[in-house]
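Each of the next two complexes has subunit A plus one more chain, namely subunit B in the first and subunit C in the second.
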Partner chain A sequence: MGVRWALTKNQNTEENEEITHFPMCALTLVAVITRIFYLIVIDTPETENSGWLSVLFGAALSLPAVISAYFLMKKNDSSLETGACKAIGKAGFRFLCLVISLALTYETSALFTILTSSGAYATLYNTHKLLLLVPTSLAVIYACTKGGNGIGGAAEVWIRIYIILYAVILFLEYNTMNASNIFPIFGPGARSLLKSAVSVMMYYCLIPVSFLIESGYSVKGRGIHKRIKPESILLVFLLCVLITTALLVIHSMMYPSLTLTSIKRSAGMDLMLSNGRSNRTVQLPILIIWFSSLALSSGYMLFCAGRLMNKALSESGRKCMFLLGMVSMVIALFRLSGQERAVRFSACFGPFLSSAFFLLAFFYIVRKKG
Partner chain B sequence: MKRLFCLVLPLFLLSGCAQSYRIENQAHAISMGIDWHNGSMIVSVQAPNLGAPAGKKGESESSSYQIYSARAENFETAYNILQSTLPQQLNLTHLKTIVFSEEFARSDQFIRTIETFMDVFLVTGSASVIVTEKTAQTLIENQKPHIGIRLSITIPSMLSYHADNGYIPITTLSALYTGLKGRYSTVLCPLADTATDSDIKNDPFMPGSIPREGDNKNEYMGACVFDREKMVGILNGYEMQLCYFLMGESNRIADFASPFAMRVSTRKKRDVKMEITQDQVNIRITLYLDIATLEDGADLSAIEKRLVIDFEKVMDKCKDMSVEPFGFARCAARQFKDNRAFEDFDWLQKFKEANVEIRLRVNGES
Partner chain C sequence: MPDFFYSESEVLRLTPRKTLEENKACLSAIFHLPDNMDVIVKKFDSFGFSAMIVYIEGLVDTEKLSECVMKPLIDAKEEKNVLPKDRISFIKTDVLYATQVSEAETFLDISREILSGICVLFIDECEQALFIDLRKMPHRPVNRTNNESVVLGSQEGFVENLRMNISLIRKNLRTTQLVTEIIDVGSENKTKAAIMYVKNVTDEHIVDEARRRLKSISAKTLIGTGQIQQLIEDHPLSLFPQILQTERPDRAAAGLSEGQFAILTDNSPYALLGPSTIFHFLHASDDSFMRWQYGTFVRFIRIMGILFSLLLPGMYIALTQFHSHLLPMNLLSSIAEARANVPFSILGEILFMEFAFHLINEAGTRIPSQIGSALGIVGALILGQAAVTANIASPILIIIVAITGLGNFVIPSYALSIGLQIYRLIILFAGAMFGLYGIVLALFLITVSVCSMRSFGAPYVSPLAPKRSGKGDVILRMPFGFKRAKAFFEKKVGEEKTDA
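Right, the complex of A and B next:
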C-alpha cells in the first residue's frame, strides 16, 4: 500500500543524497552490463567468442550472494542494511561498507582509465593523458555530487535511447552476423571461461551493493513512496544476466574468432568500436552507446563508493564522493588501474564480495537461532 | 564559481586544435606500397600535393600527387625515415589502398610487418589491400584518376566494379588481419599488375597479360591466397569468379569469364552438408544457379558439366595450396566441443584429403 510522504526540504531525496529504487535499478543495469561487457570483450579477449558462457558461469557463481541478499531483505522488510546490521552488528557493517567503498574507488579509477583509453583510441591519441583524464573525471565527480537521482534518472533515459540505438545497430549489422562465429561452443576451453567467470562474479555482486545504498522506496507520481519488494533484487539480477548474455552472443556473431597474439586493449577496441578500424555507419551508434555507458558506469561506481563511505564514517556523502573521486583520478593518473591490474583485482574481490554476502546471511541465521 | 567551472572545463577539450592538426601540416596518404627486395624494405606513399596549382593542359592528372619512399632493413625503420623526410606529418587515416609486392607477400617478413602495422601505426583498417606481381611502387606510380578527378574516389570505385564482376575479392586491411588471425578463415586479396610490353603470359585472366589496350596500365584480375603467415598461391580471374560461388557470397556475375557467353546468378543460398568421422571428411555442396546464355540454342547440360569440372579444379587447386577459403571450417567447427579439439583434428590436412562433391541445380534461360 502506498504511503504519501510529506517531503520537507530536508527529507528531499536530492538533498540527503539518497537514491530511490527505480533510478538505482536503472543505474545498476547500465553499470553492471557495461562493465561485464567490457571485461569480456576488451579485458579478457582470451575468452574469444565464448565469453557469453563466462557470463553465465559468473552468474551461477554469484547466485549464492544474490540469494543471501534476497533472504536478508525478505526477513527485514526489504532492508538489506537492517539485515546486515543484525547479522554482524553496526561496527561490522561499517567496516564492510568501508572495504567495499575502497574497492569501488579502485574500480572507479579503472573506469576512468577505460574512458580515457577509449577517448585516446578514438581520436585524441596525441593528447596528453592528463588533459583527457582530468576533465572526464571532474565531470563524473560533479554529476555524482549533485545527487543519486540525477545520475540515476540519466540512466533511465539512457536505457530508452540505448534500445533505439541498438535496434539501429542490429539493422545495419544484420547481414554481417554469422551464427557459426560462436562455435565451437566452449571456445578456448572451460578452464579459461571459468577463470574470467570469477572476474565477472564481482560485477554481479554489485547488485546487492546497490540495494544496500538505495532508499528502499520507489517513488510514484505526486511523491507517493512505496516500499519495494525483496523480489526486485532477483529481477534486476535476472535482467542483468539475460541482457549481458544476449549482447555478448550478438557481439560474438558479428566478428570471427581470432587467435590474437596481442591481448592489448587496443586490439579489442579495434574490433568492437570500429570493426578493425574500418569506418562504417554502425560506428556512430556504437560510439554513442560506448562513451555514455562508460560515463554512467563510472558515475555508479563513484556514487556507490561515496555512499558506502558515508555509511561507514558518517561523513557527508558529497564530501566522500568528491574525495574518493579525486583519489580515483590520482590512481588512474599514476596508471595503477590498467588492464592487467583491474582484471586481477576483480578476480580477487569478486569471491570476497560474494562470500561476504553469503556470510551475512549465515551469521543472521546463527544469531536468530542463538 | 559554477560558471567559472563551466568555462574552464571546455578549455581542456580544445586541445585537439593545436597546430599539428592543421590540414596544411598533414600529408594524407592515398596509397601506400610495401616492397621487399634483397633483404630491404621499401615503403612508398602517394599523397595529394596540397596547394599545388591545377594540372595544365596536357599535363597528367597524377602530377597533383607526390610519391615519397624510404628504404630500410625493416618496416618500422623505413616508416620512420619516411616520416622524418616528408615535408608534413604523414597521416594514414585516409588511406585507400595498401599495395604489397608479391615478393614481400611471399616473404617471412609479411606476417610480422602486418602485426606491427596493426598494433603500432594509426592506419585505417578500411584501406583495401592489393598484391602486385611487380613492385608496389610501380603500381602506385601508374595509378591515374580516370573516373573522378581524385584518386581517392577513382580507386575504391574501380575496385568495387571489378569485385562486382567477381574478378577480384575486396579485402580491407582489417579483414586481412582478422583473416590471418582467424581460426577458420583463409584470406584472399586482389591481384594486380602493371602491363608492360615485355610481359608474356598465356593466361588471359591474369593481370598484366589481359589482351587489351588502354591508357591505364594497371590491371586488376584474380586473387592471391594466404595461409596463416604469407601468400601461398594465386587464383586467376575465372577461378576467382567460381570461388565466389563456392564461398556462397556471389549474387550475380554479368560477365562470366568462361568459354561460354552467359550470365550467372545464385538463386538460393548454397547448401553444405558435412560428415566428419575420426579420419575422413565428406562434404557435399549444392549450388543453386540461374544461367542466362547469350547464344540461342546453347546446350545447358554441357555448360553444367563443364562448370562442375571447373568448380572441382578450383577446389583441387585450393587443396594443393593447403588453404580453404570456402568457409567449410566454420561449418565443421560446430561439431567440436572447443578450439583444442578442432585444432587437434587438423582441419586443413583433413580438408586436403576430403571427398568433396559439388552439385549444381541450374535453371536456364536464353
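Right, the complex of A and C next:
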C-alpha cells in the first residue's frame, strides 16, 4: 500500500460552488461600487463632475426592484429563489436565471475589455491585447472555480486594503481637493445625467441577483439551514449608494470637470492613470485599486453567471463558470463588448432587470391572492 | 536447530505458545535471530520452572531489569503450589517489583512492544506472556528552543521523547479536561502519536476529523511530525502550511486552551497544532508576553517586513521597467546611473542576487558552526561589495535584496517563510512580464486561493475573511481586557457553523 493523502475525495470541493453571507455581501459591494464608479468615470465621461447625481438617480430608479426582492425574501423565509418560483413557477424562474446569466456573461466580457484596455493603457503600451486578455480571463476563471467563498473572502481582504490605500490617496490629495469642482451641480444637464442613471440602474439591480445565489450555511446536528436576513439587502443597497456617491464626489473634487474633451474611455483613463493632472505618488495606490477591483468585479460577474446557469440548467456550477468564462473571453476577443456597446447594453438591461424583480413581486401577490 | 518453524507473516497472528522453544522459534522468525544481535533472549529457571525474557539492548534500563525482574525471579525458592496456568498472574502480582506490567495477546503486539523498548517475559507451559515496561530510551534533556527563540517567556523546547513532550504540555496546562489519546500511525513501521485536546473547548468534529486522518495514513514508515503534517493537511498542493509546527510547549498549551488540538509523535521535537489560520503563522509567542502596545508595534513591523519580502523585488522591476513615471526623477536617475555599467537586464540582476542570497541562506543552515564566520565573509564581501565593484549588480539592488531577506527573516514560521519566498518569485516574474498589472493579478489570485483554503474545516483567513465572530487577536495585539475569550473555531454551546 503506497502513501496517500489522508483526505476524502471531495472534502474541500463540496462547498466550492457556495457563497455565504459575508463573502457575498463583500463581493457585491466591491463589484457594484466598482462597476458604477467606472461606468460614470470611464464609460460616460459626458456626465462631467455631476456623475454622483446619476448614481442617486439610478438608485431611485432601482429602488422598486430592491424593495420587491426584499418583499419576496421577507415572505419566503429569506429565500428569494422560493419567492421567485412561487411567482412565476420553476420553469419561469429557470428562464429568468438563464437570461440574467447570459447578460452577466456579456458584462464579464465588458469587464475583461476594460481590464485589459486599462492594463494596456497604464502598463503595456506595445503589447497586443490578446496577450493581456488570455491571462486575465484565465486568472478570473481560475479564481471563480476556487469557489464563492474564495473570491468573496478575497473581496473582504481587499476591502480592508482599499480603505488603507484610499486613506493614503486622501492624505496625498488633501491639499489639491477643491469643492468648487462639483459645481454646477447639474453639470451637463438633467438629460445626460438621467441617461447614465438608466445604465447605473443595471448594477444596483445586481444586488438582488447576489441574494438569489447566496447559499446560506447549515448548522451541525440540528438540521437547520440559516439564510441571510432580508434586511441585509436594504443595507447592502444603502452602503452601495452611499459609498459610490461619496467616492464620486471626492473624485469630482480632485479633478476639474472634463468638459469639451473626448468621450472615449481614454479620456477618463488619461485623467486617472497617466501622469496628466494626477499626482505621481498617488497613481500607485490608484492603479492597485483600479486593477484589483476590476478583477474582483469580473470574478463576481462570472461567478453569478455560472451559478445562475447552474440553477437554470442544473449543470455543475464550476463547469458553467469555466464555459461562460471562455465565452466572455471570446466576446472580448472579437471586441464585441467595447465602451459604446457596453453602455447601450446596460441601458437596455437595467430596466429589464429592474422590471423583472418588480414583476416577480407583483405576480407573487397576484398568485397569493388568487 | 528448533523443532518448530514459522514464517514471519503467520507468526504475527499467533498468541504466545505453550513451550519456550515454540515461543523462541516465533521470535526467531520475527526478529531474524540469531543474526540480529541486539535482540536479547535470556533463559533462566525460577520457582522450579523455566522462563525467558526478551528485550532489545539499549532500549531497556538494565539496572532496573536486574533489580526489579531478574533478581526476584532467580532468587526465588521453588513454589510447588502454583499451577502452570496461574504462573503468569502469580509472577505479575506477587513477584515483580516493576510497576507497569500487563499481559500480551499476539506476537504482533509482542513484536511492536519489544521494538518500543518493553521487556517480554515468557513462562514455560503458559500460553501467555508479560509486558514489563522498563524503557530507558536515549534522549536529550529539555533544552532551549532552536528555531522559535523569544526575548520574553519560557525557553523550554520539546525533545524527541513522546512521554516527555506530553508531560511538558501537561506542566503548562494543568486541567483535568486535557485529554491525551495515543494512536499508532503508519501501516508497517508504526509510530506512536499522541493527539491532545481540551474537552469542552476543542470542537469534537475537529478532533474526530484529525483522528480519522491520522488513522487513515497508509505510509509504511513515518519519521517525525513533518511527514504526518503533509499527509493530513487539507491542501497538500498549496504553498501555505495549514498546520502549525511548534517546538514550544507553552505555545502548544496556549493553542490547546484556545480550541486547537495538538499532535505529538515519538522521535520528533515538534507539536502540530490545528486548525491553524494564516494568523497563527504570523504571531510569535512573545507577542502575548509583552505589553499590548509593544506587541502591536512588533506585529506591525513584522507585517511590513512580510510585505517587503513578498513585493519589493517585483515592485522594483515593475516600477523601473513599466512605470518609471511613478518614481521621483532623482531616484530614477540615480537608479539609471547605478545600472549604467551593469551588463544584465534588471530581471537577470535580481535573479542572480536572489539566487546568491538563497545560497548563503541554505549554506548557513547546513554549515558547521566552527566555520560559520567564513560564510559571513563570503556573503558580505564577495557577494555584496565585490558584485558591485565588478558591475554584476547595482548598489540599489543589493539594498533591495537585503531588505527583502530581512523581511523574510521576521516571519515566525519557517514553513511560511519558504512558501512566501516561492510566491516572491512568482510575483517577480509577473512584475517582469506585465508590470503592476501582473503583480495585482498575481496578488488577486493569491488572495482568492488563500481565502478558499481551510484547515480542518476552519477557513484559513478567518476571522478576517470570511468574517467570523470570536477572538479578534489578528493584526492588532489587543489589550487582554478587550480580548474576546474564544477563537472562532472553538466549541460553541448549542450550535456551530459548518461552513464559511
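Quick note on the criterion: the second predicted complex is superposed on the first by the 337 of 370 C-alpha atoms of A that agree within 3 Å, B and C clash if a C-alpha of one lies under 4 Å from a C-alpha of the other, contacts with A are read in each partner's own complex, and residues count from 1 in each chain.
As a working rule, a contact is a pair of C-beta atoms (placed from the backbone, for glycine too) under 8 Å apart; a residue touches a chain by one contact, two chains touch by 3 or more.
All of these numbers come straight from a predicted model, not from anything done at the bench.
K.L.:
With both complexes superposed on chain A, which partner does A:189 reach: first (subunit B), second (subunit C), both or neither?
P.N.:
In the superposition, A:189 touches subunit B alone.
K.L.:
Quick check for you: in the superposed arrangement, does A:284 touch first (subunit B), second (subunit C), both or neither?
P.N.:
The second partner, subunit C, only.
K.L.:
Touch check for A:147: first (subunit B), second (subunit C), both, or neither?
P.N.:
After superposition on chain A, A:147 lies in contact with subunit C alone.
K.L.:
More subunit A residues touched by subunit B or by subunit C?
P.N.:
Touched residues of subunit A are more numerous for C.
K.L.:
Examine A:295 and indicate which partner it touches, taking first as subunit B and second as subunit C; both and neither are also allowed.
P.N.:
second
K.L.:
Just to be sure I read the superposition right, which of the two partners does A:156 touch: subunit B = first, subunit C = second, or both, or neither?
P.N.:
After superposition on chain A, A:156 lies in contact with subunit C alone.
K.L.:
Using the touch definition from the top, say if A:256 reaches subunit B (first), subunit C (second), both or neither.
P.N.:
After superposing on A, A:256 lies in contact with subunit B but is clear of subunit C.
K.L.:
If you stack the two complexes on chain A, which partner ends up touching A:139: first (subunit B), second (subunit C), both, or neither?
P.N.:
both
K.L.:
Give one of first, second, both or neither to describe whether A:18 is in contact with subunit B, with subunit C, with both, or with none.
P.N.:
Once the two structures are laid over each other on A, A:18 reaches subunit C alone.
K.L.:
Please report the subunit A residues shared by its interface with subunit B and its interface with subunit C.
P.N.:
Touching subunit B and subunit C on subunit A: residues 123-124, 135, 139, 142, 274-275, 280.
K.L.:
Where on subunit C is subunit A touching in the complex?
P.N.:
Residues 187, 205, 212-214, 216-220, 231-232, 234-236, 322-323, 325-326, 328, 434-437, 440-441, 443-445, 447-449, 451-452, 454, 459, 461, 464-467, 495-500.
K.L.:
How about subunit A: which of its residues touch subunit B in the complex?
P.N.:
Contact set of subunit A toward subunit B: 48, 123-128, 131, 134-135, 138-139, 142, 178, 180-181, 183-190, 255-262, 264, 266-267, 270-271, 274-280.
K.L.:
Any idea which subunit A residues touch subunit C in the complex?
P.N.:
For this pair, the touching residues of subunit A are 1-7, 11-12, 15-16, 18, 20-23, 26, 119, 122-124, 132, 135-136, 139, 142-143, 146-147, 149-158, 160, 217-222, 224, 274-275, 280-281, 283-284, 287-288, 291-292, 295-296, 299.
K.L.:
Looking at the complex, which residues from subunit B come into contact with subunit A?
P.N.:
The contact residues of subunit B facing subunit A are 5, 9, 12-13, 15-16, 18, 20, 115, 118-119, 122-126, 172-175, 177-178, 181-185, 327, 330-331, 333-334, 336-342.
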